Each structure stands twice: as structure tokens, then as C-alpha cells.
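As written, the chain order gives the labels A, B, C and D, with residue 1 at the start of each chain.
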Amino acid sequence: AEKVRIAMVVKSLGNGFFDAAHEGAKEAARELGDVEVIYTGPTTPTAEGQIEIVNSLISQKVDAIVISANDANALVPITKRAMQRGVKVLSFDSGIAKGGRLMQLNPSNAELIGLKQIQMAAEAIGGAGDVAILSATAQATNQNIWIGEMKKALARPEFSRMKLVATVYGDDQSDKSYREAIGLLRSHPGLKAIIAPTTVGINAAGKAVVDEKLVGKVYVTGLGLPSEMAGHVKSGAVKSFAIWNPIDLGYAATYAAYQFVKGKAQGKEGESIAVGRMGSIKLDAAGEAALAPPFTYDASNVDKFAKIF
Amino acid sequence: MSSMSSMNEPASPPRSRYRIDEKARFQPRDLLRHWEALLAILLVLVCAVNGLLLPHFFDPYNLADSTFNFSEKAMIALPMALLIICREIDISVSAIIALASVAMGLANQAGVPPLGLLLVAIATGTACGLLNGALVTRLGLPSIVVTIGSMSLFRGLASVVLGDQAFTQYPEVLGDWGQGYFFDVLPRPFVVWLLAAVVFAVLLHVTRWGRRLYAIGNNPVAARFSGVAVDRYRLALFVLTGAMAGLAAFFLTGRIGSTRPNIAMGWELEIITVVILGGVSIAGGTGSIGGVMLSVLVMGMLTYGLALANIPGIIMTIVVGALLLATIAIPRLLRGRQGAGR
Amino acid sequence: MSSHVMSIPGTALHPPQAPARSAMRAVADDSTAPVLSLSGIGKRFQGVVALQDVGFTVRPGEVMALLGENGAGKSTLVKILTGIHQPDEGSIHLGGREVRFASAQDAMRGGITAVHQETVMFEELSVAENIWIGRQPLCGTPRRIDWRRMEDEARALFARLEVDLPVRARVKDLSVAQRHFVEIARALSQQAQVVIMDEPTAALSHHEIGELYRIIGQLRRAGTAVIFISHKFDEIYAVADRYTVLRDGRFIASGELADITEQQLVALMVGREVGQVFSRAASNTEDQTAPVLEVKHLSHPSEFDDVSFAVRPGEILGFYGLVGAGRSEVMHALFGLSPEAQGAVWIDGREVKLCSPAQAIAHGLAYVPEDRQRQGALLSLPIFQNITLPVLPGIGFFLRRHRRREIDIARRLCEQLELKASHFHQHVAQLSGGNQQKVVLAKWLATQPRVLILDEPTKGIDIGSKAAVHRFIGELVAQGLAVILVSSELPEVMGMSDRIVVMHQGRVQQVFSRAEASAEALAAAASGGLHADAATATLAGEATWH
Amino acid sequence: MALNFLTSLRASSAPGREAGEPLWQRREPLLALLTVVLILLVGVRAPVFLSAQSMDNLLTDSAITIMLALAQMLVILTRGIDLSVASNLALSGMMSALLAMHFPALPVGVFILMAVLIGLMLGLLNGWLIGYLELPPIVVTLGSMSVYRGMVFVLSGGAWVSSRNMPADFIAFPLARLGGLTHLVWLGALAVVAIWFLARHTRFGRDLYAIGNDPAAAAYVGIASRGRLLWTYGLSGAMAGLAGYLWVARYAVAYTEIAYGFELTVIAACVIGGVSIAGGVGQVSGAVLGALFLSVINNALPIMRISPFWQSALTGLVILCAVVLNARGKQGRRKQILPLHGQKSVITGSRA
């Protein structure tokens, strides 16, 4: 029979996180048997690049698209058209605004992610002190959502002794992130922690802390892949960081897309979708579902996972 | 001193000793010397190969859809070609798109109707072009230098206004223009581009304005000495480029239904690449709109084909870069080096 | 040292006296072996035959004049000899050995050097570096440029040339004439066996040419062979021993200059008899005719001051001065090219504002600039597009429909000027220097001006064409055109002009009527003095106003 | 006998090599002053910027920009431009990182040498196309910029090489200190001296000025432009290669997009430093100051707590201002025919 063709569109190629998600997708395809996965993404993380790709996927008449969007709104028109042409569109990781997709699979609950990062920071610095956020670009959708959640978490009484002093953007460029990190360290002498919800950022901040000989005084935490962060955990600049399992995420997203193609899922509120070995996921009012809380890595386990993703 | 004229003065103007033909004698192989001919062959080749290898390539709907990927860039390629013919360049075009789109977003929030948004976009682009042009012509600065600076400035202003926010909620009509069709088959941005291309082609190849643009690109000093208001033409071209970038911003904003400061990032180099592939010499004075149109189509079909084959975008940049190098290097290699010297 | 050089520039009538020639001729008698000999040289440019089977010899210590019409192939030959072009066929023997020059460096090493027709200058570099560029003396370890020695040697060169130039000045601050001397110094610095000068006098004024002759004399005495290219016969007879004539890329004749008259030479060059230059009778316009153009108190902050003059229809107003006197700048201002200039311009008795060339053209002015390459020709546009550029408004908006008219305009003018080209779509870059000048001239005649400003209009034009140009100007003037003729050639100014304005250091020094003008008086005024003969002591344009 | 056509010559025998305008009218001192004023202004707002540590970091941070700006200056002097530096940097950086990952036992010198050699090869390819095939530099380097960047992806398979994969001494070298200054600063200083010597005191360097002033004339005086161009782009490539290693090691990470868009920063540094895009004009001091100027801005903005959203706009504004100031300095210097006011005319007259 014809194979079900599911395209996985990622923010940009050459990103270890998505490469791992691709592994998960392939695992799902193997399990399902009649699925062909097309893994693709633009050169630079731009919405326009993804739009071009979705356009060509429509032309190829793929059955489903699972996409991690560079811009929640910019992709809506094109994915709407894809759905008009009968392509099932799901977003994962970084979502598309409602109306532009059938469902959004959050790697975890945004609230949990925000909370987790604040918790890690609090743990590292003993619950009190100045913290700063070093993000990717000011336009990155999910980073912005998490930053919002972090701010909410900081308002909780248990974090009342922590103060967010700055939010800066490193544009996912190592040199700019590094310079911004140094700038944070300089202009906020009392800074205790830098939270970077992006791999380039957490890397650069870790390096900056080491170079400034502030290991033990300033801690870096945030979201990153074990393989890319192992070095900084070793150096001591990073005590712990978090990430969800991208393999599971890719697996579940692909599995869910298959269910949509086969008509076993419609994307209605409260609907439960079976996603193989991950059990089932439940859609909320916004058509979103979340997998699991992010997993924390530290010196004890990072080397083990560094070999996997 | 020597004697006076020994020639009898003819009553009528003297016939010259030299005959000057109107045109060089036509030779069929001259046709192949034309860049446009090579591009046309390349286009046919690209389409044929794609059609053979990719089952979905020749689907008319797909072809129509594929034009959305390049129409906006192609709109800017037209005035950019004129600029490059005039020995100028504008690196800030994509930043102008961002700023114009932000202006549209602001206007939209203020309740300006769709037609007004178009005007706002074009007006913003025009203003940006005016700034570039004024700096280049009034202060005599090299355009590449000016536009590197203004690129940062324009995009920076967009980011000042928007911060980490985005403008959304554009009216439905904009989406129709951005990715809708005329008569359900003709993609609107593409049709607009074609119309613009015809206007530009007439402007450049038929009118005396166009003739003067070539003159300026050829030798700006001599053009000025010949009564061409060189700076006014330059200024007008920068303004025109800005305005077309504004127009492109209108379509792009409509197509993606939102505005962020990093919209259209990096387009300037793609646009310049297309123009150069179209046979417009970076040294000024040569090039044609036909060539630019063909090159837009070649690039469009090529990237579309590669995308259909799911070849990663970064490989595409290698292909495009190599194509650019090959198209300028191969003719030179074939002609040999005997054309060297002065 | 060199006491025989005329002590007061310009006192002698042209040609300036060349240093005693007979004494030197002895060096180059027939028995000497040739230092350079060419045979069967051929060169093609994309099908155009520039040279075909050219051969001649040059002996040490002789000055060989290379003659030919515009486009005869002289400059191409120079470029072949200096390694810039490679010949398609034929051989070059230097000092008895066959040589092949792959590059200009090769030729230099071989001992051939040239002052090219186009100026070869590096504006941002110092005078000394311009002389030694690519060959700077080195010293020390690591090997580095020995600046002091380079400058000292440059100074020594200028001392030898008896020219006073600061070696550290940047060339962009030099005048045209000064640049030429830098080029000559460069050529001399190479101790070459053969020095080629391709129209070296085109930008030099009268007495600077005298300096050049002296330098050629020095070379000759040192046993250097000189190939001298010029379209001016007075110079050729003053400086050269032998001649070689090219026509249409072919070798025509060679021989002793003493054995041939100017007429015969011209006949060899052109292949027929031609008329002579400077053959215009004074205009017959009475002084009462109202001037078509009046310029009153034109000033510029740095270039010129309080310049006033007037031209009547049917009159030629000459402008004479040394290079750098500011004549071109005045014309630029008049033509709307320098916004800083102040003053009044009246046309037909009404004051007009000339803020741009377009306005000037609209008011009937036309300006043929002196720098053909930079200001005149659009080298990679077709001939006809060059010619119609200033008259486009008169042709129509949609040019495609009027191609015929454009070609007709171009054809009429090109035939009158005897342009040598193969077709009208040919790029101007493919024409020889003189033919390019004709295209520029045609461009301005196409505007059918009422006042034609000619800035060195016959620079680099061969004798036959010069006659054509002069005759043509004469005809136009006879039809009521007013002409301003800026020229550094005394014979040309004196022969053509009805009145002559002499400028010096940005100011009008004196105005001469045709009758008053003598070579001595003009030259003296140009170098800043008032000549006794023109004792009316009419200062600065006063006389111009009736 | 002196000729009296010297009357229009004003610029004469000023002390120093480059005769001409007095010191305060020249661009470089002005720019130096501007940089110092900028540093002080930032210091007023954020005194920590003036601390020794911060200055040290500023120098370290500007080293790579300075090195690339110097090489770019040589290229621009010849009327060229090298848009491929950032891609070249990424490619040679990635290749040396991959090498380090697979052969961690090799000494650091080998990785540096490899990076330089790879950069040199990439640069020579540009140089060959530009010098020997006489193709326009902007087009060639635009093309190679895409190709080189794509190659980074192909070679790395899109994966990162992160600090875990790099040997410790590979990472440590750029920031290791010698006599109180980081290796990066020393390398930057070395590059300044070397390029200064090259540009000022070798035939190679002077030929570049000549080529930029008038390429056709350069051929007429026998300058072998092709070879010169080949090696100029080669040098630019080698410098980018070295910068590639330094970049990757300093930030302890290599991925496809490192230094994306950095070529524009480098060119902007040259332009601010008064290197004329039209060729033939430019000083080592200018390029260095231009690069320093940009580094000061880039380092100061984060420290000054200026809203991140204003940074790009401010950078653009500053570039435009610097360029406009440069242009104003250039205007008004034209030849002068009239004797200057209050100065007697300089007719030297003829010697009898």
C-alpha cells in the first residue's frame, strides 16, 4: 500500500535537538511500518524559510506535517492553506497559533518549564540573589513564552528573594551571546545566576563565567542538550540544566500525526490520542497537549545522556 | 607656415572617406553571446530535469504556488537591477521591508483600511529610500557604505517599535493579496511582479530615462557633462527601490499575516545574487530586465525543484553560490584569457 | 648646465628651438647597429585589424617620429613594444636578440619603456613612489622599501631634468603638466635603451614642450633611442631625425626627415593631399553685433576670480594660458558644473541662471571637455548613443520608435567629421583616441548650440582630421555660431580666434584682438606679465565691454 | 632651471611620509579621539567599563575584528571586497574543531596551522577567480560565501562540535596569558605590525595601493596584478582561517552558523576607519581604529543597560555618523588655482 508520508519541519537544520527528534520520528515510523518520514528545515531559523518548505510539501502532497515554528503567527496562512489541501498539520515544540494547526504537542507544560528553570537557579544560588535571562532572538516564540512563565514563577512567595535584573538577547550567535553575558556580569556585580533557555546562550554564558573566573560565584542554568552542555557541567559553571527528551517528543509528534492521517484523531477538545509507547496524550481547550516535565541533568547523569542526544 | 588648403571646398557636406554601417552584420552565433539566451536555455534545462525527476513538478497548481516563494524578492530585484546598472547598490532593502511592515502594523492598529496600509508601506519604503539616496547623492558617499549603516538603522528601528512583540490581526484582504489568486489560477504577487517587470523593462529599454541610466552607469562624469542630472537619477532610483521594497513588504506582510522585526532577514544578498545572475554587471552600465526576469525564474524553479526533492536548504545555498560562480567563470574560461589587458 | 635652453619661456615663436640637432645626429649614423627592429608585426582585436605586417628599425641615439592618422595603429604598436599587448604575428629584436614580452615588466627589464597616451598615474601615492612603483629600492632584513633612497633618487632625477617637484607630494595635488613630467621621470629612471613617447605634448603648454625637447636631447646624447609620436609637425621637425609612417595598421614609409616635406609626409599618412590647419579668415561681424553670451564677474572661492568676457555670434573667442591657469574651471562654471561659482551670465541680453549642464544646454551652450576619457566619452556605449545623449529630449520619450532619427543624426555628424568606425553600434572604447575625440565633438554638435565651448578640441587629433575639425568650426561660425576656444596650442588659438583672452592664475590677464596678438605677447601674458606691445594695458576684460 | 607651472601646487614637503593635510585634519587622529571620547562617555554612565578587566576584555574581544579588518583593508585597497570572510572563518574553524575532535592528541599548533592553511586555500580560490579570471570580487565572494557556509554544514553533518569534544588546550590557547595579556591580544598586535609592515614597507603592499588607484595603470607600469590579487585574497583567507580557530576555541563551540553576518561588521570597521571602498586609500591605523570603535560600541551597549531593542538602531546610527563625518573631512580638499589669501603668489620664475 501507499506509505503515509509525514514531513517533520524543524526550526533550522543542524540543531542537535531536532536531530534527536528526528531519531524519535524514525523510531515511530519503524514501529508503524507504513510511514515515510521527510526531515527538513530552513538554513537559518526564519519563518520565511519554513513557509517555502511548507509550500513545497503541499506540492508534494504529503499526508501530514509536524512542524516546530519559528514564528507562531507567520506560518498560520500557509498551514491553513495546507489544511485546505488536505494535509494534516501538527505543531510540536514551538507552536503555531490556534487555527494554523490541528494540535500542538508541547514537550512539556510551559508553566513547568518556566518553573523548572527558576527552581534550578534557586537551588544553585541558595534561593536568594539577582538573576538574569539570556535568550535567543527577541522573536523566538517559545523562548518568549517561557520567559513569561519564569516571570510568573518569580512572583511566587518561595522565590521572593530572587530578583530578575535583566533580559537580554544573544540572537543565537555565540559571539553576541558571549558579549551579552559578559555585559551582564559587568553591569550587575551582584548577579548570581544566568538563565538561558537556549543552547547557544547557555553555552556562551557558561564560557563567559569560566573566562571571567566566576565559577562558583555565578551559576548558569537553563535549557540545553546534554551532549552540548557536558563540558560546562564539568567546568562547574553549570550545576544543572534541563531538557525534555527530544526523542520522545519526535516520536510522539509523528505518532500523533499518523493518527490524524488515519482519521483516528480529530483534534477536538478533551480528546485523547494514543501515541504508542508514550501512552496517550490529552488535548486541552487550546488544542494543546503536553508530554512530560523536563528532565534535569547534572554531573551525575550528563555523561550518560551526552552519548544519546 | 604651410600653404593653405589645396582641397577644393565642396558645396555640400563632404562625404566621409569611411563608411559606417548602421549595425554589425548579423551572425547567428552572436545570439549565443547574449546572456539572456544562455539563461533561457538554463531555464528550459532546469525545468526539463526537474520535470523528469520530480513527479509533482509540472502540476500547474504547484507551479503557481511556487511563485509565492520568490515574487516579493523579484519585485525588489527590478529596481535593484537599475541601481546596479547605475553603479550603485542597496543592501538595506530587506531592512526597509521590516520597517515598512512595522509601519503597516502600526497603521493597522490605528484602524487604517487595507488600501491605506498599502500606501503606508510604500510611503515608508520611499522615505527610507530617500534617506539612502540623500546620503549617497548629497554627501557623495559610496552606496554600499551608506546602506550597510542604514540596514542596521532601519531594522533597529523596527525592533525598537516592536521589541519582542509582533503585529498580527491583519485584515483578511491582505492575505488574499499576499497568497491569493486572480481567477483562481494566477497568483497575485506574481502577476503584480510581471506587470512591474513590464513597466521596468519599458522604462529601462525604451525610454530616454533608461538610456540615461545606462549612460550614468557607464561614465557618471561624462553623463553629468552631457546634461544628465546624475544625482537626481540616483536619488530617484534609491527612492524607487525603497518604494518597491515597501510594496514587497505589503505582499509579504499579507502572506504571513504578521510582522516581526526579523522579517525578510538576509534577503538582500539573495536579491543581489539574482540580479547578477541576470547578467547585470556589478561594474555598471550593462544588463537587462529580461535577463533579471529569466534569472528570477531560473532561481525560482531551481530552488523549487530542490525543495520538492527535499534537499536541505543549506545545500541549496551551495548550489546557488556555485551557480553564481560558474555562470561568471565559465564564459571567461571558455573565451580563454586572450581578452586580458586593457 | 644646458645654457642653450631658452631662458624666457615663450619668447621664441613656435616651434621652440630644439637644441642643436646636427651635433647629435652624428651619434646615429647609418652604420650603427639598430637597437630595436620590428618585422611583420600583426595584431587583431576581435576581428578588427589594428596592425598588419609592420616593420622598421630604430638606432641608438636617434629620435624616430612615428606618424599616422588617428587609428593608424601607433598606440597599439607602443602597447606591443611595452608588453601590454602581445602581437599575433611577427618578431621584435632588441639589441640583436629576438624578444617576447609577456608583460610590461618583461619589456622594462628588456629595456623598453614608454610614456603612454593615457596618463599612468597613482593619485594617492607620492611623486617618488609613482616613479618607482613596483621597482622601489630595498634595504635591510627583512627586505623593505628604502624610502630615503627612493626619494633621493627621485630628487636626483628631477635635478637631472631640471624640474622642481616636491617628491613627497601626492600626485592628486599635481597639475596635468606636472604629472607628465612625473611620467617622463619614470621612463628615464629605467635607464632604458628605447624610450617611447606617445603624444607626450598633448597636455603641455608651449614652453613646457621646450623642456621636453631638452630632455629628449639629453636622452639622445646618452645614446638612448626615442620613438616620438605626435600629430604636430612643428614638433616632429624640431625633435626627430627619422620618420616612420603607418596607415590603416600598415607600414607605409620610413626615412630621414631632412629629405621630406611636411606636405609629402601628410600625403603619406593620409594617402592623399589635405588642407592645412589654422586657415580661418577673421570674422566679418562688426563690433556692433550684440553679444550672444556675456559673462560678468564670474568668481569661484578657490579656482578663479572676477572673470568677465563676451562673445558675439559669428566670433571665435580664444582662451590661452598655461596649463592650470583655470580656463577649464571657468568653462565648467559657465556650463553649470560648479555650484560654488558666483557671478552673472547673460544670454541674448537677459540674465540667466545656469545651475546645471541641462540648463546650459537648454540655453544653447555646448561644452566639449578636455578630458576625453573621464568627461567626454561613454566608452562602453554605442557610438550613436554617445552622440544623441544630450539631445534626447528633442528626439522623443520612447526612444525605440526613433532609432532611425538617432542614427541619422549620428551619421550626418560622423560623416562631416570623417569618423573612422565600422558601425554605429560599435562601442566607443574600440575606437582610437582621436576617433573617440571626434565622437565627443559630434555629441556636442548634435545639440546645435549657439555658443560652443571647445576645451582643447583637437587634442590628439591627426593633421587631416584637425583640418576637418577646423574647417567645420569655421563653417559653423560663418553660420552665426559663437565659439569659445580654449587651447594650449598657440598656432591654433592665433589662427582661429578673433579675440584672445589670456588667463593667468585664475584671473584674466589680458585680452588681445586678432591684430594685437603675437606669440611673444601671448606667452608673456600667460606667464603673468603684461607685454609692452599690447601697451593699451587693457586689464581683465575691461576691453571686452563696449 | 625651475619651471613656473608649480603655481598650483600647495601640498608640499610637509614632514612625515604622507605629505598633505595637517595632523588634526586627518582622519585617523580624529577617529582615535572619537573612540577615546566614546569610551569615556560610556565610562561616565557605567564606570565599570573603565576597569582594567573590562579594558582587557575589550582588547581581547576586538582582536579578531582587528585582524579581519586589516586583511579586509588590503583587499579593499585593491578595489575589491571579500564577503566570504565570515563563511571562511566558519569553515576553517569547523574543520579545525573536527580535527581536534578526532585527533585530540595533536598539539594545538597543528590545529592552528591547519585552520590557517584551510583558510588560505579558500582565500586563494577567491584570489584565483578574481586575479586570473578577472571576475568582479563582489560577485565571486558573494558566491563563495554561500558555498563555504554550505560546506560547513556538509562537513559537520549539521552537528555541533562542543566543548566536550575539544581538547582542553585547544580551548585554552586564545585566552591563555603571556605577560599579562591574552594570546588573542598578542596575535592581534602581531597582525597589526605585520600588516603595517606589509602595507607600508614592502613592494607587495605598495603594489596594492597602486592597483587600487588605477588597475589599468598598474598593468602599464608592469605590476603583476594577478599574482598580487591572488595572494591578497589568500592572505585574507589565511587570516580568516586563523580567526576561525580562535573563534571556535574562544567560544568553545563550532556550528554551522558561527559568525553569521560578521563580514559586514568587518567591512563596516574598514569603512569607519576611512578605507575607501573605491580603492587605493586606507591606513592600517584607520582599520585598527575602525575595528576598535565597533568593538567599543558592541561591548558598551550591553554594559550600559541600554534596551536590547535599541542596540541595532544605535549601531546603525553610529556607523552612519562616522561615515558622514569621514565624508565631511574629505570635502573641501580640492586643487587650488588662486593664490591663497594672504600668501604671496608662488611664481618661481625662470632661472637665467
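The rule we apply is simple: a residue touches a chain if its C-beta (ideal position, glycine included) is under 8 Å from a C-beta of that chain, and two chains touch if they have at least 3 such contacts.
Chain by chain, the UniProt names read as follows: B = Autoinducer 2 import system permease protein LsrD; C = ABC-type sugar transport system, ATPase component protein; D = Autoinducer 2 import system permease protein LsrC.
The structure displayed is predicted, hence computed values, not measured ones.
Of the two chain pairs examined here, B-C and A-B, the one linked by more C-beta pairs in contact is B-C. For this pair, chain C with chain D, the centres built from the Cα atoms lie 42 Å apart. Residue positions of chain C with contacts to 2 or more other chains are 84.
In chain B, the residues touching two or more other chains are 159, 163-164, 266, 312, 314, 317, 341-342. Looking at chain D, one finds that residues 153, 158, 216, 219, 256, 309 touch two or more other chains.
All chain pairs in contact, by the document's touch criterion: A-B, A-D, B-C, B-D, C-D. If you check the complex, the residues on chain D that touch chain B are 81, 129, 132-136, 138-140, 142-147, 149-151, 153-154, 158, 216, 219, 256, 261, 264, 267-268, 271, 276-278, 307, 309-317, 319-320, 323-324, 327-328, 331. Taken in their complex, chain D has these residues touching chain C: 1-14, 17-20, 197, 201-203, 206-207, 209-210, 213-214, 216-224, 280-281, 334-339, 345, 347-348, 350-352. Contacts from chain C toward chain D in the complex involve residues 2, 5, 7-9, 82-84, 103-108, 116, 118-126, 129, 133-134, 136, 138, 142-145, 147, 162-166, 168-170, 173-175, 177-178, 186, 205, 208, 211, 300, 302-305, 322-326, 329, 505-507, 527-528.
Contact residues of chain B toward chain D in the complex are 135, 139-142, 144-146, 148-157, 159-160, 162-164, 266, 269, 272-273, 276, 281-283, 312, 314-315, 317-318, 320-325, 328-329, 332-333, 337, 340-342. By the touch criterion stated above, chain C contacts chain B in their complex at residues 79, 84-85, 262-263, 273-276, 278-279, 335, 337, 356-358, 360-361, 367, 369, 374-381, 383, 385, 389-390, 392-393, 395-400, 407, 411-412, 414-426, 443, 467, 471, 491.
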